[in-house]
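Going by the order they are written in, the chains are A, B, C and D; count residues from 1 in each one.
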Amino acid sequence: MSRLDQIFVLTGHWLAGWAPAALRPLASAVLAIACIMAVFATCFALTTLAERKLLGRMQNRFGPNRVGPCGLFQPVADGVKMLIKEDIVPFSADKTLHFLAPIVLTVPIWLAFAVLPFGRNMTAIDLDGGILFFFAIGSASELAVFMAGWSSQNKYSVVGAMRAIAQMISYEVPLVLSTVPVLMLAGSLSLNDIVAAQGTYAFGWLARWNVFTPWGLAGLFLFLIAATAESNRSPFDLPEGESEIIAGYLTEYSGFKYALFFLGEYVGLFAGAGLGVTLFLGGWHAPVKGLEWAPSWLWFGVKFAALIFLFIWARATLPRLRLDQLLNFAWRFMVPLSLVNLLVAAAWYWTGAWPFGGAAPIRWVLCAGLFIFPYHWLGRALRGPLPPPRKYSYAE
Amino acid sequence: MLNEIIFLLCASLTLAGAVAAMMLRNLVHCALCAAGAFAGLAALYLQLDAQFVGLAQLLIYVGAIAILIVFTIMLTRGDEVRPGASIASPLWWVGLPVGALVLACLVGAIMASPSLLRLPAGAVHAPVRKIGEALMNRYVMPLQAVGLLLTAALLGAVAIGLREPRDAESKTQ
Amino acid sequence: MMASHSLTAAEEAAGGQQLLEVSMGPQHPSTHGVFRMDVTLDGETVVRLKPVFGYLHRNHEKIAEKCSYLGSIPYTDRLDYICSLTNNWAYALTVEKLAGLAAPERAEYIRVILAELTRLINHSCLAGFLLQDMGAAGTPLMYAFREREKILDLFESLTGARMMCDYMRFGGCRCDLPPGWIEQARSVAAHYPAFLDEFEALLTDNEIVRARTEGVGVLGAQLAVNAGITGPMLRASGVNYDIRKVDKYGVYGRFDFRVPLGERGDTFDRYMIRILEMRESLKILQQALRDIPEGPIMDPKARLRNLRPKPGEAYARIEGPKGELGFYVISDGGSNPYRYRIRPPSLINLTILEDLCLGQTIADAVVILGSVDIVLGEVDR
Amino acid sequence: MNGAGIIKGMIETARNLAGSYHDKERLTTVQYPEETLPPVENARTIPFLVYDGGDAAAGLRCTACTICEKECPPQCIYIVKDMAKKPDYLGKMQLHPKVFDIDIAVCMSCGICVEVCPFDAIKMDQVFELSTDDRFGGLLWGIKQLAKPNEYFQKLHRTEASEIDARREQDRRKTQAAAAAKAAVPAPAANLPPPANKGAAA
């Protein structure tokens, strides 16, 4: 256990040690909170920049590169702009709710970070029902979205809020269901236990991350889609679909309240990505044996960044779904598929007890097949009866 | 001492939320206050170290039921406030005996409960694992029954939902 | 606010459902300029849609009647500002018909080349805008703009301006091709198919694009013909009508190209027809760039100033990228037109927007509007 | 297979992401204030008035014939004639403008004034950094701002300018030769009215 690995833990202990003994738990809690907020707020700033730069590059342009070296201070400029902008509240708005909505959105999302293990011994609170806490806290953001949309007294806002709530409720089901196999096989709701369960090595070198199993891969796939939808990101950004309903429930927000929503959205995305890393990508564990020398928090960060990149990549490529398609996709594809994934996980579990050696590939193929066939047929069913292929004739 | 303060805070939040949900004119405000009361209740559970119940309360009541209420209000457009109308319904007095009856039932049940006779044990710890084990062993049949019921409800909902687009299509054509 | 208590007539018609009226525009991000749709929604479904335009009205026709014949050429640039050269051509063709002028062969070839380049610009930008309306973060649009820049460079080196080209004159073109232009144009045309392949890889098979466009905004051939729809939108409905083939104006009769036809007339067909049309345009370009003759570029009879055509009237039309673009000019023998009238394809294609959108969702309405391909400069004039 | 099209699209964007780092074709942005594109000879923005020699007042080619004023579609040119005549490059006496204003804010850069000018006096400039904080007078340009030397014209539109210069040189030689011939055969009337005068007066 290298010192570098534990540098944050040790520093925290050392700093908390300065406080009087009675206040030490409080001091360390405050430290942890401050650290999480500082790190992820910086992350937010960097991600907005990285997103714009990557989007730019994928669209064959530079992206922001004017403020500071390589545009590094762009988030600062944006922040200052947001701060000094006039805060406009519509005349007919419900002023209290309009004011409360961004707060109600942001606070629970920050709370969700309390249970994520960012590295070895780096969990703010190790709750028994960590993942339950995560989802329970996350569900509060729907209320905030409703408050924002309704209090603005704007048609676009109301439509946006309706869309957002319908979408978030629908995708919460596959989101939770896709995590269930992990909980089943780890036998715990505690995120630390789940990470620990992925800490051993198969064949002596490959980490036993959940993603290296058929159900884990499928689970990650389902989880990422549902998390994208939960955080209202493209291609599921209907609640803010700017070409249809301007900015949805954010239409009447400006200035720092808008910035808070923006922050909440990104931090929610981070929480989702962090949970994805924890559940499927082995948390802070190294991928192969022999790489444990790198600090655990670094591994977490790398995987986290990879997932964020995936989200940005999808945003650059995909257009938006329509509301009915989105809901159909959730209820007729994602939910059944995540239920199927439960079966796959069960099959994986039982075939694990097969006595004969060399069964690993058979087991893999079997379980993967168990997922792929429903995947194919559900997708087919979702699209409906296929029309005959299009033919384009040419007139001379 | 700290515990008492937290308890008082949570309790007052719950009560204030409940009272506001009853008294406010605006339906949406009422629904949101009810959500606040649910959250306060969840906090009370958590303070009692009943993690699972507290989190489930949050997940189900704040995350689902409050949203359901709010959604219903939005869909039925119940956000219109009639100025000057009383918030009490004309049959408000019916509520009195009902309320009294419920209170009597609750008090009776609590007073009759054997748990009052037991000493409040310092470390009643009910970790999620234990709840899970209980559900999977002793209460497995009820759990399965509930699961079946919910599945049936889900399928029913899907069946109802599926019929709609065809109607819509026939309407437009 | 979702205010009114009593049900309106439309609400009664919708089975007593309470409807939501939304005024989308004129400052709505998806309306391609200052266009407004008064949409009545039942949930998310469009039950009534009223297009409202005129916000960009600039009195073009009346100004042209007060201008000399020459003076309104730069104004035609600003009709459909993405395709200034085809606008120039349609107007020049009309006045040539009126004044009895004929462009020399080289000028005709130049016109064809420029018109087909314009078609490439228009169709690739349209696909980009369509995807933008579907919420695709601007990526296809940026790719389209990247290729458009190369064509705009060509325009600039020839006409002096990238968008407001003001190039064609009555009886020919304003100036001859600069040295090296043909080679540059050839290289652009040679690289374009690669871009189209890339574009199609990004879009054509994409499940989301398919889901958003297939069966959305179906335009039947009968309705399309009755409503006077022209251009790619008509051909997507399977009607074989391309003025390049029908009139064979200019030197279009000499080129070997085909007219792609769709069969379902939905948004996907409208997208795909434009992609296929671009491939055909490239064929025309290659032939024109190969066969372009040397020679004068102006009719010797043509004069720049003081053009006074004999009293009479003329209507000439071309297959613009958006459809049939026609100009109708009456001369009373004076130095400016007595009457000047435009048949703008954007406006006429827009008239059936409500028919396309009824029963679709609001998100579809935006996509359908995108697939109609309008430019408000031309709609409002 | 479900999602194959999406994957294809994702690969395409990834290719562009990678390409933007090494392929000039895929990152065509010109970062404007630092870099600019090479000037295009035909490019046009707003008109300017050409003058010969070093003195703008003496060498202005414009004869205030007001053809451009009449032909300008948005009517952004305003000319007042100066009745005192000055000799032009051929030695003929010509009118010249006392006031020649162009409202740059109205000008739509069509270049029709250039096409109709019989004296090669007005040409299209290529400046485009014209923003000003003066809403009223800042974009109303007079002779002082509009007059640019022939060398400037040469620099912008080399082909066209050389052609014009050659033609003018030829004209001048011809006139000189004619004058020399006339001087050899004494003529009664030395001062013929220049033809452009009529056009301007009409």
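Quick notes on this one:
The rule is simple: a residue touches a chain if its C-beta (ideal position, glycine included) is under 8 Å from a C-beta of that chain, and two chains touch if they have at least 3 such contacts.
Just so it is clear, the model here is predicted, and its values are computed rather than measured.
The greatest number of inter-chain C-beta pairs in contact is found between A-C. Farthest chain from chain A, judged by C-alpha centroids: D.
Centre-to-centre spacing of chain B and chain C amounts to 58 Å, using the average Cα coordinate of each chain. Chain B and chain D have CA centres that are 79 Å apart. Averaged C-alpha coordinates give centres for chain A and chain C that are 43 Å from one another. For chain D, residues touching at least two other chains, in rising order: 2-3, 6, 9, 12-13, 16, 26, 28. Residue positions of chain A touching 2 or more other chains, listed in rising order: 58-61, 158, 316-318, 324.
Counting partner chains per residue, chain C shows two or more touched chains at residues 2, 139, 143, 146, 202, 206-209.
Only residues 1-3, 6, 9-10, 12-14, 16-17, 19-21, 26-29, 31 of chain D touch chain A when the two sit together in their complex. Within the complex, the chain A residues that touch chain C are 55, 58-61, 92, 153, 155-156, 158-159, 234-235, 237-238, 241-246, 315-325, 383, 387, 390-396. Chain C makes touch with chain D in their complex at residues 67-68, 70-75, 77-78, 139, 143, 146, 149, 156-161, 164, 166, 174-175, 178, 198, 201-210, 304-305. Those residues of chain A lying in contact with chain D across their complex are 54, 57-62, 65, 313-314, 316-318, 375-376, 379-380.
On the side of chain C, the complex with chain A involves touching residues 1-2, 20-22, 28-30, 44, 131-139, 142-143, 146, 202, 206-209, 211-212, 214, 240, 242, 245, 258-264, 268-269, 272-273, 276, 361-364, 366.
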